[in-house]
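Both of the next two complexes hold subunit A, though its partner changes from subunit B to subunit C.
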Partner chain A sequence: MKKQKSISFQSNIVALLAACCIFLSAFEYIIPKPIPFLRIGLANLPILIGITLLPFPAFLLLICMKVCFQGLIYGTFFSHIIILSAGGTFSSSIAMFFLYKFCKKYISFIGISVTGALLSNTVQLYLAGLLFFGPSVWLISPPFYIIGGIAGLLLGVFTNTFTGKSMWLTQCRELLYADNS
Partner chain B sequence: MKLKPGDIIIIIIAMGAITFLTFSLFSNQVNNKNCHIITPEKEYIYPLHIDQSIEIKGSLGISHIEIKNNHVHMLSSPCSLKTCIKRGEISEVGSWIACLPNKILIIIKGKKSEKAEIDILSE
Partner chain C sequence: MQITHKLPEIHFSPVMLFIHGFCILPAFIFQKVLLFRVFQTILFIFLSLFHASSSVDKRKQLVFSFFSFLFILVFNMLTPHGEVLFTLFNFPVTLGAINTGIFKATVFTGLLALSKITIAKNLSLPGPAGKMVSKVFYYFGELKEVQGKYKTKDIIKRIDLILLSITPPPDTGDSVPIEQKLKTSRAGILLICISLFFHWGIFILSLYIAK
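Presenting the complex of A and B:
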C-alpha cells in the first residue's frame, strides 16, 4: 500500500517537473539568440532537480517528455533539429544522472551541470557535423562551448542553493524514500 | 554553497579543453594552403603540407612538380627555356609558377598569412 502511494507520488513529481520544463522552454524561447542553436539551457533545471528525486526509469520518462515538449514549443518537433535536441538531451541527462549517483561525494551540482552542458553541446555539434552540415560546423564551437559552460555553471550554482534550502525538496524526498529506509 | 574538489577538476578540464580547441581550430586555418595546378584540361589541387612529387601532363609533355616543406617547385619540364624551373620555390599565398610552352600554371591559394611575400614587381 505504501509502495503504491510512493509510485503515484513519483508520477506527480514527473508531471510537475515536466511542466516546469515546458514553462522554462517557453520562457527561453523569448530570449533572443544570435545563433539558432545557441541556447542557455534553462529547461535543464527541472532535469537537475529530477536527478535527486527520481529512479532511472522515471527519469528517462522525464527527459523524453522534455525533448517532446521542447520540440513542440520551438516548432521543431517534425524537423531534423529534433535529432540534435534529443541526442544532446539524452546523452547529457544520462551522464549527469550517473555522475550524481556515483560521484555525489566529490562533486556538487556545479560540476554535474557543467559536464552536462558541455556534453550536450559536443553531441549536438557532432551530430550536426555528421548528419547535416559537414565538419565545418566545428568552427562555431568555441563560442558555443563558452556560453554553454557559463550557463551550466550558473545553473549549477542555482541548483546547489535550491537543493540546499528547499523545504519542498526535503519533503518530497522524505515521502518518496520513507518506505526504503 | 560550496565547491567540492570534483567541481574544480571539471571546471579546469573544461576550460583547458575549450582553450585547446580554440587554438587548434585557428592554427589549422593558418596552415590551410593549397597548391592549385592548372592545365588546359584539368585543375589539380594538392595540400601544401603533405610532401609529394607529382607528374602533370601538359601540352608538350610531362612536367615534374615537387611539394616539400610547404614549398612547391618545378623539378623538370619539357619546355626549351626552363624559366619555370629557374623561378625556384614558392610558398606564399598568391605566388605562382607558370610554364607557358607546356601550358601549366601552379598557384598557391588559401588564407593570407601575416607576413606576405614581396610580390614579383618589387623583387
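Presenting the complex of A and C:
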C-alpha cells in the first residue's frame, strides 16, 4: 500500500516536472535567438531537478515527455528538427543522470550541467551534419559551444542554489524515500 | 451549495474539448499565412474568455494576452532583418523583424489561449498514457494560474512557494481532481464540427495562397 502511494506520488512529480518543462519551453520560445536552432535550455532545469528525485524509468518518461511537448510548442514535432532535439536531450540527460548517481561526491551541479550542455551540443551538431549540413557543420560549432557552456554554467549555479535551499525538494525527497524504506 | 457551470462546461465534455483542441493544433501551428494566424489567435483569445470565472478574470486575461503579444513583438524587433521600414532613435525597424515578432507572439498567446480552451481542470483521458497526459496538462494549468500569485524578490523562494502550492499530498492517489463526467450536447457537437471545418479550411486555403 505504501509502495503504491509512493508510485502515484512519483507519477505526480513526473507530471509536475513535465508541466514545468512545457512552461519554460514556452517562455524560452519568445526569446529571440542570434543563431537559429540555438537555445538556452531553460527547460533542462526540471530535468536537473528530476535527477535528484526520480529513479531511471521515471526519469526516462520525463525526458520523453519533454521532447514531445517541446516539439509541439516549437512546431517541430513533425519535422526533422525533433531528431536533433531528441538526440541532444536523451544523450545529455542520461549522461547527467549517471554522473549524478555515481560521481555526486566529486562533481557539483555546475559540472553536471556544463557536461550535459556540451554533450547535447556535440550530439546535435553531429546529427545536423549527418542529416543536413555535412562535415562543414563543425565550422559553426564555436558559438554553439560557447553559448551552450555559459547557459549550462548558469543553469548549474541555479540548480546548486535551488537544491540547497528548496523546501519543496526536501519535502518531496522525504515523501518519496520514506515510503520506499 | 449550488454549483454554477461556465458555458463551455454545459455544452462540452472535457475529453471532447481536448480532442477538439488537439485536432486544430496542427492547423494553427503549421499555418504560414500571418493574417490567418492572427485571426485564429484572436478567435482563441475570444473563446478562452468563456472559460474565465468572472469579469475581472476576463479583463485580466485580455490585458495579459495584449501585453505578452506586445512584449514579444518589441523584443523580437531588437534583432533587425529584412527591409528597413523606418528608423526610431537611430534604430532600424525592419519588416522581417516585425513579421517574426508577430509570428512568435501569435504562437505564444494563441497556444496559451488554446490550452485554456482545450484543457478543462476535470479532464481525464483513458488509459495510463492518457492519465499521465491529463496530469501534465492539469499541472500546466495550475502553474499558469499561480505564477503571478507569489510576489517575493527571492526567485528561489518564489519558485519553491509555487511548487509547494501545486504539489498534491502523497495520499491524493494516482489521478488529478475530477469533478464529474459531463456529456457533449448536440449544439456542442455542431460547434466542434464548425470549428474543425473552419480551422482546417483556412489551413488548406493557406497552402494554395503559399503556392
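Going forward, the second predicted complex is superposed on the first by the 178 of 181 C-alpha atoms of A that agree within 3 Å, B and C clash if a C-alpha of one lies under 4 Å from a C-alpha of the other, contacts with A are read in each partner's own complex, and residues count from 1 in each chain.
Methods note: contacts are C-beta pairs under 8 Å (C-beta built on N, C-alpha and C of every residue); 3 or more make two chains touch, one makes a residue touch a chain.
Just so you know, these numbers come straight off a predicted model, no measurement behind them.
In the superposed model, A:Tyr106 lies in contact with subunit B only, and not with subunit C. In the superposition on chain A, A:Ser8 makes contact with subunit C only, while subunit B stays out of contact range. In the superposition on chain A, A:Leu139 makes contact with subunit B only, while subunit C stays out of contact range. Once chain A of one complex is fitted onto chain A of the other, the partner contacts of A:Thr161 extend to both subunit B and subunit C. In the superposition on chain A, A:Leu130 makes contact with neither subunit B nor subunit C. Once chain A of one complex is fitted onto chain A of the other, the partner contacts of A:Ile150 are absent, as it touches neither subunit B nor subunit C. More residues of subunit A lie in contact with C than with the other chain of the pair subunit B and subunit C.
Taken together, the two complexes place residues 161 of subunit A in contact with subunit B and also with subunit C. Looking at the complex, you find that subunit A touches subunit B at residues 103, 105-108, 110-111, 114-115, 118, 138-139, 141-142, 145-146, 149, 153, 156-157, 160-161, 164. For subunit C in complex with subunit A, the residues that touch the partner chain are 25-26, 29-30, 68, 71-72, 75-76, 78-79, 100, 104-105, 107-108, 111-112, 132, 135-140, 142-144, 147, 156-157, 159-160, 163-164, 166-168, 170-174. On the subunit B side of its complex with subunit A, the touching residues are 1-7, 9-11, 14-15, 17-18, 21-22, 25. Against subunit C, the residues of subunit A that register as touching in their complex are 5-9, 11-16, 18-20, 22-23, 26, 29-32, 34, 61, 65, 69, 72-73, 75, 78, 161-162, 165-168, 171-172, 175, 179.
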